[in-house]
Amino acid sequence: MRVSIIRKAHFNACHRLHINEWSDEKNKTVFGLCNSPNFHGHNYDLEVKLTGEINPITGYLMDLKDLKEIIKEEIEDRFDHKNLNLDTEEFKSLNPTTENFAYIIYELLRARIDDNIDIKIRIWETARNGVEYPAD
Amino acid sequence: MRVSIIRKAHFNACHRLHINEWSDEKNKTVFGLCNSPNFHGHNYDLEVKLTGEINPITGYLMDLKDLKEIIKEEIEDRFDHKNLNLDTEEFKSLNPTTENFAYIIYELLRARIDDNIDIKIRIWETARNGVEYPAD
Amino acid sequence: MRVSIIRKAHFNACHRLHINEWSDEKNKTVFGLCNSPNFHGHNYDLEVKLTGEINPITGYLMDLKDLKEIIKEEIEDRFDHKNLNLDTEEFKSLNPTTENFAYIIYELLRARIDDNIDIKIRIWETARNGVEYPAD
Amino acid sequence: MRVSIIRKAHFNACHRLHINEWSDEKNKTVFGLCNSPNFHGHNYDLEVKLTGEINPITGYLMDLKDLKEIIKEEIEDRFDHKNLNLDTEEFKSLNPTTENFAYIIYELLRARIDDNIDIKIRIWETARNGVEYPAD
Amino acid sequence: MRVSIIRKAHFNACHRLHINEWSDEKNKTVFGLCNSPNFHGHNYDLEVKLTGEINPITGYLMDLKDLKEIIKEEIEDRFDHKNLNLDTEEFKSLNPTTENFAYIIYELLRARIDDNIDIKIRIWETARNGVEYPAD
Amino acid sequence: MRVSIIRKAHFNACHRLHINEWSDEKNKTVFGLCNSPNFHGHNYDLEVKLTGEINPITGYLMDLKDLKEIIKEEIEDRFDHKNLNLDTEEFKSLNPTTENFAYIIYELLRARIDDNIDIKIRIWETARNGVEYPAD
């Protein structure tokens, strides 16, 4: 009996869309305001969806308190109140678009969650702009 | 032309996560605060998604007023303002986790909805914890 | 690396569910309040989800500013502050149910979005009633 | 011990901002899209706040079920799925702005609620535009 | 320069509206479903608003982290995952209506917040029913 | 007949709480994560409430389209996608707490809105932390 559980989390960070190999002019043309030189920021809303078999005894897929703790350790402690470009290893050479952020979060959680359980990330950068990874 | 319609509903109930075959100590260790002896409660937010063919004349998959009425009869009248452990047949011997609650709601609606229409349940126990059944 | 991006938009319109080939009595029986003769209205909440490959250089599936602009040109400029039955070509002979509206929006965006990218529409007519097209 | 209780309700309607004494041109200049000739519509979100003394025995200011019923009878039954300009007495000669709508709703409820209880109306025409009456 | 800060918190509990001095029949007549004998529950959404002078050096009225901690100690640790009627001192002989709950929370916080700072409580029992104490 | 209108707006920015006259150590002790050296960011949710007399002819306090435009010119164009500490005149020597931000926004709008109309600002830095200025 396969089921999905969803846990939401919230954190904030600042960033700047910028490709080091490009000129400032090209960066500005492609990324517009998101390339603003002194950074800008967001409250990120994260949804982590896990899919697998219900444990027939406990009635849990996985204890949501454990998932909450893993999200705190791997995602919130790493990215909350940080500058994604300057303060993190993950975006040293990777442009911190929401697409890439969803991929990075997926990989960080994948390493901590049982292989029998599928993971899907949905992250909202603003109330109107969101990303899902991997795609359905 | 396959389409999905979604109807949201809201009700509240109280419950306690507890497995009768286990000792009180083991229940407390596994379920923590959710095992609190005198129960605790939630406002449950329910989303029922139905998938099937649009009727080419009416432009409806199904009249949402009819779906609203079925949800009221089968789910709200049964569980609203109730103690899931003490007041319901469904959880007499089934631990009322959100995973199991999604499964129960699915089965209750499955018996009332035309077989040509697929059903998916999403239920939120709190603003941050949700479950989908069946999984994608 | 396939990913989905989601953009939300908002607009309002009025409409009336009515099938020209039916008698007034039958329309009233089937559509109830939604057949109210002088129309009624909604704030529509639209979610457009695009799925495709991340561009490995920019880290974008597609610039969300471009998607925002396409939604404005094709959907908001066409339907915002309009009477769907009287003011639009699309619903001259098509009943403006939410199911049909999702289909129309899909077709209008499909003509503007690159073929390598899949499109899914979710539209909410009220806070409790929504539709997805195409179905998963 | 003075306390306030708040009840939210939702309904939808269509309308058109238009002053009969003005020319069509002046109406269009002043009200823009909101003057669209065939009407447009909204999902209205209503908050009714009542202020008065707690009943020391029941612990209620007023039973919220009673307030819910009064709002249904006076507001929802009157305005839901209606054309404010064509279907209602209240806006026959009054421009249905959100400011005027808040005032009308206040007066309708004032006639039904005990004089010892103060009433304040907040109504949202869209997610971004709201009105309060009377002002603090 | 007087300013207000608002902090939101969330917790859940179960309760039953019941006046010990009344007969079961009278309790059922007055409180209806809310008198359900085996309790029911809610996710309570709490807003604590503090009003006072901005500190001209720090630019803070009060550190929101301190307010968050006080709310946790006084309100969440006391009421979260509890049965208000059976597990708490505060509602041993007080009917746990939302009005009374707002008053109790006010008194508990009043004892911990500097006297120069005014306090207002807003608490939502469901998405549609809320209470403010003290009244404006 | 006094009424209030409310307009919501959204923008994002990054900042760092820091008092130049203090040592780095004292800044870190007082402001914690909010003093993070390379900045962090937020999606700010702004509510502007105007209070005054309804125009008896138009039924408007003020055209919300005009208020929307003033908010865009004075607030969004100035602060959206900016670093409050480095990119703005207003916070060159003022700590960008939410309290101070509410005050600055009030002053910027006060200079543009008719003196007969009162202004109140509510701004949310995160979903749980907000500020109102001036206080009730």
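Which chain is which? They are A, B, C, D, E and F, in the order written, and residues in each are numbered from 1.
The working rule: contacts are C-beta pairs under 8 Å (C-beta built on N, C-alpha and C of every residue); 3 or more make two chains touch, one makes a residue touch a chain.
On a predicted model such as this, the values are computed, not experimentally measured, just so you know.
Where touching is counted per the definition, the chains common to chain D and chain E are F. Judged by shared residue numbers over all numbers used at their interface, chain B and chain E contact each other through mostly the same positions, with over half in common. Checking A-F, B-E or E-F against D-E, more than half of the residue-numbered contact pairs recur only at E-F. Each chain gets one centre point, the mean of its Cα atoms, and the points for chain B and chain C are 29 Å apart. With centres defined as mean CA coordinates, chain D is found 41 Å away from chain A.
Shared interface positions of chain B, i.e. residues touching 2 or more other chains, are given as 127, 136.
Touching chain pairs in this entry, ordered by label, are A-B, A-C, A-F, B-C, B-E, C-D, D-E, D-F, E-F. Touching chain D in their complex are the following residues of chain E: 17, 19, 30, 32, 94-100, 102-103, 127-136.
Against chain F, in their complex, chain E makes its touches with residues 1-9, 49, 51-52, 54, 57-61, 63-65, 136. Chain contact summary for the complex, chain C toward chain D: residues 10, 12-15, 33-34, 36, 38-43, 80-83, 86-87, 126-127.
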